[in-house]
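In C-alpha cells below, several structures.
You will see two complexes here that share subunit A, one where it goes with subunit B and one where it goes with subunit C.
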Partner chain A sequence: MKKILKYVFTDILRNKIVIGYTLFLLILSMSVFNLEDNSAKGLLSLLNIVLIIVPLVSIIFSTIYIYNSLEFIELLVSQPLRRKHIWSSLFAGLAGSLCTSFFIGTGIPALLYAPADIALVMTGMGLLLTIIFVAIALLAAVITRDKAKGIGIAIFLWLYFSLLFDGLVLFILFQFQDYPLEKFMVGASMLNPIDLGRILILLKMDMSALMGYTGAVFRELFGTATGFMIAIFVLIAWAALTFWLSLRRFNRKDL
Partner chain B sequence: MIIANNVSKHFGKLKALNNVSVNCTRGECIALIGPNGSGKTTFIKCILGMVVPDSGFITFNGKNILHDWQYRKNIGYMPQIGRYPDNMTIGQVFNMMKDIRRDAGNQPLDESLLAEFGLPQLLNKRMRTLSGGTRQKVSASLAFLFNPDILILDEPTAGLDPVSAEKLKEKIIHEKSKGKLILITSHILSELDELITQIIYLQEGQLVFHKKLDELKQDTGEQKLSRAIAAVMKK
Partner chain C sequence: MRSLFTIVSILLCITLVSAKTIRVGKKEPVASIRTALNLAQPGDSILVSAGIYAEGSLIINKSVSLIGLNYPVLDGQQKNQVLTIRVSNVLVEGFRIINSGYSSLEDLAGIKIIQARDISIRNNILDNNFFGIYSLQGTNCTIEKNRITSYNKAEVESGNGIHCWKSDSMKIIANTITGHRDGIYFEFVTHSVIWRNNSHHNVRYGLHFMFSHNDAYISNIFKANGAGVAVMYSHGVKMFHNFFEENWGDAAYGLLLKEISDSYINGNSFTKNTSGIYMEGASRIQVEKNTFSGNGWGLKIQASCMDNAISRNNFFLNSFDVGTNGSLVLNSFDHNYWDKYQGYDLNRDNVGDVPYRPVSLYSMIVEKNPAAMMLYRSFMTSLLDQSEKVLPTLTPENLKDNFPAMKPFAL
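Let's look at the complex of A and B:
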C-alpha cells in the first residue's frame, strides 16, 4: 500500500493544481489577516472561505483526478494488488495532499494571527471537511463511469451541502414555525458536515448569540466538551462511512 | 490451472458471458477465438478479477479467485489497448511495475523482449507521446517481464510491425516450451497456427467448443486453422 501511495503522491505533486491551491489559500489568508486589524473579523472572513472554497476544491479536484487516473487504476487492478489498497491509497494520497495544502495555506496563518483555540478549531474543521469531501468525490466518481456525469454529481453534491441544504432547513423551519424545532435543528445539522463545521467554529468564536434561540440550544449541546466530541465524531463518521461506501462499490466495480 | 465454472456476466441487457465453463491446464497454448463482441476480453478480465462475474466462479490452482489477489503474481497480462498514466515515462512505468511486483517473490526479471524491441533507448519518452505500436511493445514487455507461469495476451500483434510481431511470436513459442500456460486472443488466425495447441471458441457469450487443434482439424477435415474455423462458422 505504501508503494502505491508513493506513486499517487508524486503524481498529484506533478500536477501543479495542488501547489496553486496552496498559494491561493496562503495569499488569501495573509491578506485577510493583514487587512483587518481585528483578528476576529479576519477569522470570520476566513471562515467563509473555509466553508465554501475548501469543499469545492476538494470535491472537484478529487473527482477529476480519479477520472483522469482510470488508466492507472486499471493497470494496478490487473497486478497482484488488493483493490482495497489501491482505493485507500488514492484516498490517502488525495486527502493527504489537499490537507497539507490547507494546513500550509490557511492553518499556519490562522495559528500565527488568531487566538490559538479558535484557530485550532478552524484548522481542524478545514482538515476534516477536506477529508469528507474527498470521500464524497470518490463515491461520486465510483458510482458512474461517465466523466461528465460524475463531475456533475460532484458539483451538485457540493451545491447541496453548501446552499440547498440550508434552504431546505429554512423552508421546514418556516412551515413548522409553530412547533418547537430546536431539537430537530440539532439533528438536521448533523446531516450536513459544512453546517456542523460552521456551528462549531461560530460557537468557539462566541458568535452564537447571532443565531438566536437555536444558537442557545446549540450552545447547550455543542458548547460542552461531550457535545464537541460528539460533533467531531459525527464528522469523522461522515468521512469514514462515505469512504467505506465508495470502497465497497469499487471492490465490485468492473473495469 | 485455471478452471472456469458456469461463468456468466451481463452488462445491462447484453449477455457478455453465458455459462462458460472451461479448464485450462499447464503447458498449453490456448487461442480464444470468436467474432467481435463474443466475450473474449470479458472472459480474460474475469480471470484477472477486473470484471466480477454475476454467477459462477473461477479457480486458480484450486483456489477461488474471488477476494483473492495473490494469484495475479503468476499472471502476465497484455491488454488489448494498453493504457498507462499519460505523464509517466516508459522508464518510470517499468520502475513502478518492478517496485510493485518485485517483493512478491524475487524472481529474476526477463528483459529479453524489452531489449529486442529496442525500448531501452526510449526510456525517457512520456507515455502520451507514444504511438500505438510502441505502447503495445511496452505492454508485451511488461507481460513477460516477471517470468509469470501464465501469460494472457489480448490481441498481442495488433498494431505491431511485422518484424516486432515476429519477435513476439518467437518469444511466445519460447515461453510455451518452458511449460507455461498461454492464453491468446487474436483475429489473425494464420499467425495462430504455429503457436497454439487448443482452441476455445466463443460466440455471443456462449462457449461453442473447447478442443485440441488436431481434433478440430480432424473433425473439419481442414489443414489450416483459418479454414477449419470457417468450416465451423458455416455450420
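Let's look at the complex of A and C:
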C-alpha cells in the first residue's frame, strides 16, 4: 500500500497541471496580498479562491486522473492486492499532493501576510475542501465507466455545491420566510461543505455582527471551541463518508 | 451702555479685590471643606490640599471657586451625591471625585449642577460614580478636561458620564469618558457645543441626543461603544470632523439618526462600524465630505428619509456601501467616490460616465430576509449582483450616483 501511495503521490507531484496549479495559486495569492493595500481585502479575494477554484481544480483533476489511470488500476487489481488498499492509496495520493500544492500556493502566503488565526482557518478550510472534493471526484469516477459522463458528473457536482445549492437555499428562504429559519440555516449549511467552510472563515473574520440574528445563531454554535470542533468534524465526515461510498462501489465494481 | 459696562466692571473689580482665599487641609486652619464652604463669602476661593475628604454630600450654595491642589479625593463612600452646585458662578477644579452613591430613584452624581448658570468644572478626575457630571437646568456652563471613568457592565444599573437635562449654552470640551451607560447624554439641551471629547467603551452610546436642537459636536472621538452614537428627535444639529470607530455589534451603529432634520454631517470619519450611518425618518440633512471605510454597511438609509443630500463622500472597503428597505428614494447620492465603481471616464473629467448603483441586489435580499445573510460572499450572490448591475430589476431605480468620482477625494 505504501508503495502505491508513494508512486501516486510522486506521479501527481510531477504532473505539469499540478505544478501549474501550485504556481497559479502562488502567483495569485502573492499578487492579491501585494496589490491590495489592505490585507483584509486580500483575504476576501483569497476567500473566493479557496471557495471556488480549489474545489473546481480538485474535483476535475482527480476525476481525469482516475480515468487516465484506469489501466494502471486494472493492472494493480490483477496483482495480489486488496482493492481497499489500491483505492485508499489513490485517494491519499491525490488528496496529499493537491493539499501540498494548495498549502504551498495559498497557505504559505496567507500565513505570511494575514493575521495568523484567520490565515490558519482559511488554510485549514482549503485543505479540508481539497480532501472532500477529491473524495467526491472519486465517487463520480467510480459511478460510470464513460470518461465524458464521469467528468460531466464531476462538473455538475461542483456546480451544485458552489452555486445551485445556494440558489436552492435562497429559494427555500423566500418560500418559507414567515417561519423562523435560523436553525434550519445552520442545518442547511452542514449539507454543503463549501457553505460551512465559508461561514467558519467569515466568523473568524468577525463578520457575524453583519449577519444579524442569523449570525448570532451561527456564532453561538460555531463560535465556541466545541462548535468549531463540531464543524470540523462535519467536514471530515463529509470526506470520510463520500470516500467510503466510493470505496464500497469500487469494491463491488466489475472492472 | 458704555457707562453701565464701566460700572459693572468696577463693581466686579471691587468684589475681586475683596475676595479672600480659604485654605483647607490637615495642616491648615480649616480641616474640612464643609466648614470652608460655611465660612466662605461669595467670590471667595477655597484651596484644598491633597488628602482624602469623605464628608458625605457637599452642597455649594455660594458663588465660590473650589480648587483642589494635587487632586484631593472627595469620597462619596457609595452613599452620597458627592458635590451639588445650587448657585451660579462656581468653579470646581482639580479634584478626584470617587464612589458616588447608586440609587434607582435618584440620579446621584459625582458633580451635579442644579438650576445654575456660568459654572466651570475643569480638570477633575471622576472615578466609579453612578452619574459623572450632571447638569439639571444649567445655563452657559463649561465642562472641560475632565476624566470620567466608571466600570459598568449592564445598562440598567449604570448612569451617564456627562448628563445634561434641560440645559442651554453648554460647553463640553476635551473630556474623556469611559465605562458609563452613555458617554455624553443630552436631553432638551439647546445651543450647546461638544468639542474634542473622547468617549469610548461605554455600555450603550458614546453620545446620546434626545430633543436637543441647534447643537454642534465637533472633533470628538466615539470609539467601541456598545451601540455607537444616537441622535434622535432633534433638528439643527451640526456634526463636524468626528471619528466614529469600531462600534461593532449586532445592534451597533456608528451614527444612528432617528427623526432628525435640517442638520449637517460634515468631514466625519466612519471606520469599522456595523453600520456607518443608520438613518430613519431623517430629512434635509447634508452628508458631505465624510469617509466611510471598512463598515458592514456604509450608509443604511430607510425609505422614510427624504431630501437628504449625500455628496463628496469617500466609500472604501465597506461590505455594502448603501442599504435601503424600499423602492422609494427621495434622496440624492451624486458626486461621491465609491471604491467598487467599475465604470469608465472617457473624457477624463474625473467623473464616471455611467451611474453607479450603490445598493446591491443581495443587500436588498438581506434587508427583506435577514437569514439570507448565510449566503454572504457566496458565488451565488456575487453572480446575482453582477447580473443585477447589468440589468437592474429589483434594486431601487433612482438610487444611483449619476456623477461618481473616479478618484477618492482628499479629505
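Heads up, the rule we're going with is that the second predicted complex is superposed on the first by the 254 of 255 C-alpha atoms of A that agree within 3 Å, B and C clash if a C-alpha of one lies under 4 Å from a C-alpha of the other, contacts with A are read in each partner's own complex, and residues count from 1 in each chain.
Just so it is clear, a contact is a pair of C-beta atoms (placed from the backbone, for glycine too) under 8 Å apart; a residue touches a chain by one contact, two chains touch by 3 or more.
Note that the coordinates shown come from a computational prediction; the quantities given were computed from them, not determined experimentally.
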On the A-aligned overlay, A:R82 touches which partner chain: subunit B = first, subunit C = second, or both, or neither? first
* Please indicate which partner A:E74 is in contact with in the superposed arrangement: first for subunit B, second for subunit C, both, or neither. => first
Partner chain(s) touched by A:A40 [first = subunit B, second = subunit C, both, neither]
second
Worksheet item: Who does A:D11 touch here: subunit B (first), subunit C (second), both, or neither?
Response: first
Subunit A contact check, subunit B vs subunit C, more residues touched by chain C
Q) Does subunit B (first) or subunit C (second) touch A:R198, or do both, or does neither? A) second
Listed in rising order, the residues of subunit B that touch subunit A in the complex are 11, 45, 48-52, 69-73, 77, 79, 83-88, 96-97, 99-101, 104
Interface with subunit C, subunit A side, in the complex: residues 38, 40-41, 44, 47-48, 51-52, 162-163, 166-167, 169-170, 173-174, 177, 181-182, 185, 188-189, 194-195, 198-199, 202, 206-207, 209-216, 218
Within their complex, subunit A touches subunit B through residues 3-4, 7, 11, 14, 69-72, 74-83, 252, 254-255
The subunit C residues in contact with subunit A across the complex are 248-250, 252, 274, 294, 296-297, 317, 319, 365, 368-381, 383
